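These are the structures, in C-alpha cells.
Consider the two complexes below, in which subunit A is the common component and subunit B and subunit C are the respective partners.
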Partner chain A sequence: MTEISTLEPWKDSAQRPYIEIKNVTKKFGDFSAIDNLSLNIYKNEFFSLLGPSGCGKTTLLRILAGFEKPTEGSILLDGEDISQVPPHLRPINMMFQSYALFPHMSVEKNIAFGLKQDKLPANEIKDRVDEMLELVQLTELAKRKPNQLSGGQSQRVALARSLAKRPKLLLLDEPLGALDKRLREQTQFELMNIQEKLGVTFVIVTHDQEEAMTVSSRIGLMDAGHLTQVATPTEIYEAPVNRDVADFIGDVNFLEGTFKGNDNIGTQLDSDDAKCIVYATQATDVDIGRKLWFAIRPEKLEISKKKPDFENNVLKGRIEDISYVGCMSTYHVKLDNGKVLKACRANRERSAEHHLTWEDEVYLHWLPHSAIVLQS
Partner chain B sequence: MKNLRKIINGRAAVIGIPYLWLLALFFFPFLIVLKISFAEPIIAIPPYTSLLEWGDSFWPTIKASLDSYLFLLDDSLYINAYLSSLKIATISTLIALVIGYAIAYSIAKAPTRWRGILLMLVILPFWTSFLIRVYAWIGILKTEGLLNLLLISLGVIDKPLTIMNTDLAVYIGIVYSYLPFMILPLYANLEKMDFSLLEAAADLGCRPFKAFWTVTIPLSLPGILAGCFLVFIPAVGEFVIPDLLGGTQTLMIGKVLWMEFFSNRDWPVASAVAIILLAILVVPIMYYQKSQEKAIS
Partner chain C sequence: MTRLTLFNKTSLILGFAFLYIPIIILIVFSFNESKLVTVWGGFSTKWYGELMSNQGIKDAAWVTLKVAFTSSTIATFLGTIAGLVMAKFGRFRGRTLFSGMIYAPMVMPEVIIGLSLLLMFVALSIDRGVMTVTLAHITFSMCYVAVVVQSRMSSYDDSINEAALDLGCTPFKTFILITLPIIMPAVISGWLLSFTLSLDDLVIASFTSGPGSTTLPMKIYSMVRLGVTPEINAVSTILVGLVALGVVAGSFIGKKQKIN
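Moving on, here comes the complex of A and B:
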C-alpha cells in the first residue's frame, strides 16, 4: 500500500508537496497571463505543463525560475517561500528553449559555468563536468564551441549544463522543440532515463501532446492562464473533464444529446446525431433533459461492413474519406444526418481482404464503457 | 573582340572600378608624398629638389636623401608630438568606449519602437558640418562661455573655469566628435546579442554585474574593437580639434604636420612626418582589418 502512495504521491494526502504554487496571478498590464493558479508538484515527478501557445505555461515556468515575479500569490520549494528570491540564488535550473549556450565558451566551459559561480574547487568542477559529459554522451566533444555542434548535441549540452549543479528542480522550456521527429522521440526516452537516474524533479513546458503523454508522471493542462485538468496521461486521455480537454489530447468524436436517465447499462442519451438512444456505462447525476455529450475515441469505434451482433450503440453510415498512415487507417464515416465520425483500425494484415473503401455502407459500434460522458 | 569581352566582364568591372579609384586617388598621391619625403627643401616652385637628375648620361641619377627622416629623430619635438598624439588618442578612445558602450547598450535594450529614434539622435550631428560643431564647442567652453555661465548661475563655481585652450578641451572635442563611430559598431553588435544568455547566466548562479563581465563584454568584443579602431585611427592624426580647442602647449602630430607644410614650407620634412604617421597607424589598421574579417567569418 505504501508503495502505491510513493508512486502516486498526489493521491496520498499525507505526502507533502515539493513545490507549492499558491494562488499565483501574473499580470502584464491589464492582461492576466496566469490567473489565480494553484498547483502542487511532488518530489521526483516529471510534470508537464501542456497547452496551446499563449496559455501562460511559459510564464509559469519563468515564475518558477525567478525571471518573473508573481503579481500575487506565492511559490514554496521544499516548504520554503522562494517568491522573492532572485534567480541566481534559487536552487533551480532551467534548460532554455533556445538552449542559450554561451557561444564564446567550449562545451566543458559551458557545463562548468554554474559550478564556477559556486566557487567549487577546480578538481571537483572537473569531475562533475566529466560526469555530466558522460551522462549525455558528449565526452569527445568537450573542447568544441557551440557553433560546431548539431542541434541534438546542443540540446545535450544545454541539458548537461542545467543538471551540473544538481538542482532541486529542473525546468525545461520546450526542450525538444528544435529537434526533428525521430531524434525527439529518442531523446524523450533519454530524458526519462536521466530523470530517473538523478532523481531530480522535472517540470517541462510543451505544446506537443504526444511528448507530454510519453514523458510525464502527470500533465497539467493549461488554457488562458488556468489549469483545466491535472492528471496522469491515462486519466487525461481516458477521463477528460470537458470537451476542450478531450479534443486537445488526441482525436475524439462527440455525440450530442439530451439525458434520458440511467438504466441497468448506464447513462441513456437521446442523441440527435445518432437519431436513437445511445448508452455509456458511466452513470450520470444530472437532471433529466439536460444536454450531455458522449466522447468516443476513434480507436474505440469498431467499423465493419457486416451489422454487428449488438442491440445498442450501432450506427450506420457511409465512408467518405480514408486516411492511411501505414500502421492504421482512419475512416471518416458520414451518418444519415450528415454528422461525420472518425473510426480507426490497425492494419494488422498486409492484404486488403476485408478492404473498406470509399462509399461503402458500414456499421459503427462501441462498447458502453468506451464512451465518456461529458457535461460541458 | 571576344577576348576583350572575356577580360572586361561585369565582375571584373565591379571590383576593378573601386580599385582604380583607390589607385588613382590614394596610392599615387601616397607615392608623391613618399617621393617628396626623400627630397631636399629648396626655395623654388615646387619647394623641393627633384628625385631624378638628368646629367650627360642616358640614365638619370637618383638623388634620394634621408635627411628629413634623420631630422625627425634629431629634434625631440617630433617624437614628443607622436607620443602625445598616441596618448591623447588612447585616452579619448577609452573615454569614448565607456560612454559609447553605455549609450549603445541602452539603445539595444530599449523597446524596438524607440531604437530607430535613438539611433537617429546619434547620427543627427552629422547633418551639421564637423567644423561648425567644433566651433560651437568654443562657445560652450570659453571663459565667458555657456558652461561657465551655467555653473556660475547654479552657484557651483565662483570663478570661471579655464577649459578652452587646454588638453581637456581637446579630449572633450575628440570624444564628442568621434562618439558616433564608437556607438554604431557597438550597437550593431549588441543589438544582435541574445539576452537570454544573461538569463541563463543568472539561472546558473551568476550575479548580474558578473554576468555582464563574463558574458556581455566577451561577446561584444568585435564591436568594442571596431569602435576603438574607428575612433583611435583618425584621432591620432586629428588636426582641427587640437588647433581650434587646444592651447599652444597641446602637442599633436597633425598640428606639427600643418606647421611644416604651411608655416615652414619644408615639404620634405612634412612628408616624412606624414609617412611615419602612416607607418605608426598601419599596425592598428591591420589589426582592425583582421578583427573585421574574423567578425564576418
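Moving on, here comes the complex of A and C:
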C-alpha cells in the first residue's frame, strides 16, 4: 500500500497535494483563458499540461509563476495560499520558452543571479553554481556569453539557472521546443534524470504529445480553458474519456453506431461504419439505442490477407494508401461502405518480403478488449 | 553582392561629391595661409591659433558645450522613460495622444518651436540665457532619444525581465540590473544624437538665447554676415569634427548592439 502511495499519490486520498489549484478562472476582457479549473499536483511529480495552442496551458503556468493573477480562485503551495504573492517572492522558478538568458552576463553569472538576490555568501554561491554547471555538463563554458552558445547549451543554462535556487516547484514552458528532434529526445531523458536526482516537482507545458507521454508522471490535457482529462500517460492513451482526447493523443479509428446492449462478450454496437455488429469487452451502462463510438488504435487492428479465424470484429476492405516510416507501416484500408480505417504493423521483415501492397483485399480484426467504448 | 556598373559608380561619386565637396573645401581652406578665403596661399594652422585668442568664439564654444551636455543628459533621461512607456506599457488610455505629442517636435518647423518657446519665456517673464536655451534643446531632442529607445525596446524580450523577477529580483532592481544594461547602447546613442543636435542648432537657440548665452552656431552666423574669414572655416572645421565624432560613435555603438 505504501508502494502505491509514493508512486501514485493521486490514488491515495490520505496524501496531501503539494499544489492545489482551486476553481481558478482567468479572464482577459471577456475571454476566459482559464475557466473554473481545479487541479492537484503532488510532491515529486513530473506533471505535463498538454493541449493545442490557445488552450490556456501557458496562462495556467504563468499564474503559478505569479506573472498573472487569477481573476477568481486560489492557488495553494504546500498548504499556503500564494495567489497574491508577487513572482519575486514565490519559491517557484520557471524555465522560459525563449530561455530568457541575460545577454550581458556570462553563463556563471546567469546561474548565480537568483542566488545573489537571496544574498547568499559568495563562497556558497560559487559552490552552488559549480554544482549546477556540473549537473548540466557546462563547466567548461562557464565564462561564455549567451550569444556564444548553441540552442542546446542555452537550454541547459536556462535549466541550471532555474534550478540553482532549489525551488519547491519548477515550471517549464515548452522547454524543448527550440531543439531538433534528436537533441530533444536526449534532453527529455536528461530532464527526467535531473528531476529524479533533485526531487523537485516539475510542471511542464508542452504541445508535443510524445514529449508529454515520455516524461510525465501524469498528464493534464487541456482544451479551451478546461482540463478534459488528468491521468497517467498509459491511462490517457488506453482509456481516453472522449473522442477529442483519443484523437489528440496518438492515432485512432472511430466506429460510430448505436448501442444494442451488453452480452457475454461485452458491449454490442450496431455500427453503420462497419455494417455489422461489433464488440468491445467493456460493458456499457446506457439506454439501448443510444449513439456510441468505439475507438481502436491502429496498432491494435490486425491486418491480414487471409480471413482470420474469428467470428466477430472482422471487417473486409481494400488497401488504399500505405505510409511507410521504416520501423512500421500504416495501411489505410477502405471498407466497402467507404469508411477508411488505419492499421499499422511493425516491419519485422525486410521490405522484399513485404506482401501487402496497394489494392490488396485485406481483413481487419481486433480483440474485443482492444476497443475503447466512448459515449461522447 | 551585385557588381557596380559604370552608371552606378558615376552616380555614386557625383552624389557623394555634391554632399561632401563643400565640407572638404571648408576644411582645406581652414588651413589656408592667405586671408582671402578663395585664394590658396600655402599651408598654415595660424587661423586655429588666432581662434584660441578670440575670446568671443571661446565663450560661445563654452556655452555651446555646456548647453549640449546638460540638455542631452536631461533629454536622454526623459526620452528613455518616454520610449520605455511607449514600447512596454501596452495600449493605455491616451497612448496615441501621448506618442503624437512626443514625436511632434520632430516634424514641427524649428522656427515655430523657437518662436513658441520665446513667447512662453516672455509670458512667464523668464530671463533668457543659458538656462532657456538648455530647456529649449531638451524639448526638441528628447523625442529623438525616445525614438531610439522605443525601437530598441520593441525587440526586447519581456521574458528576460520576468526571468529576473522569477529569480527573486524586485521590479526596480530588475530595471537597473537587467533592462538598463541591455538597452544601454541605445541610450548612449540617443545621448550622442541629442548632443550633436544641440551642438549645431541655430534656429531655436537664436530665439531662446539672451545676452551672454550666444552659442557657437549663432556666433558663426553673425560673423559670416560681416564676411567669411578663414577663422570661421577653422571653427567650423572643429565643429564638423565634433559632430562627425558623435555620429560615428553613435553608429558604432548601434552596430555593437545589433551584434548582441
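Everything below uses one rule, namely that the second predicted complex is superposed on the first by the 373 of 376 C-alpha atoms of A that agree within 3 Å, B and C clash if a C-alpha of one lies under 4 Å from a C-alpha of the other, contacts with A are read in each partner's own complex, and residues count from 1 in each chain.
The rule is short, and it goes like this: contacts are C-beta pairs under 8 Å (C-beta built on N, C-alpha and C of every residue); 3 or more make two chains touch, one makes a residue touch a chain.
Please read these numbers as outputs of a predicted model, since none were measured by experiment.
Steric overlap between subunit B and subunit C is present once the structures are superposed on subunit A. When both complexes are overlaid on chain A, the residue A:Q117 reaches subunit B and subunit C alike.
When the shared chain is aligned, no partner comes close enough to touch A:G266: not subunit B, not subunit C.
When the shared chain is aligned, no partner comes close enough to touch A:P368: not subunit B, not subunit C.
Of the two partner chains placed around the shared chain by superposition, subunit B and subunit C are both touched by A:F67.
By the touch criterion defined above, A:K165 reaches both subunit B and subunit C.
In the superposed model, A:P17 makes contact with neither subunit B nor subunit C.
In the superposed model, A:N147 lies in contact with subunit C only, and not with subunit B. Once both structures are placed on chain A, subunit A residues 65-67, 86-89, 92-94, 96, 98, 100-104, 113-114, 117-118, 161-162, 165 are touched by subunit B and, in the other complex, by subunit C.
Residues 157, 159-160, 162-171, 173, 178, 181-182, 259-260 of subunit C touch subunit A in their complex. Residue ranges on subunit A touching subunit B, taken from their complex, read 65-67, 86-89, 92-94, 96, 98, 100-104, 113-114, 117-118, 161-162, 165.
Contact residues of subunit A toward subunit C in the complex are 65-67, 86-90, 92-94, 96-98, 100-104, 113-114, 117-118, 147, 161-162, 165.
Those residues of subunit B lying in contact with subunit A across their complex are 194, 196-197, 199-208, 210, 215, 218-219.
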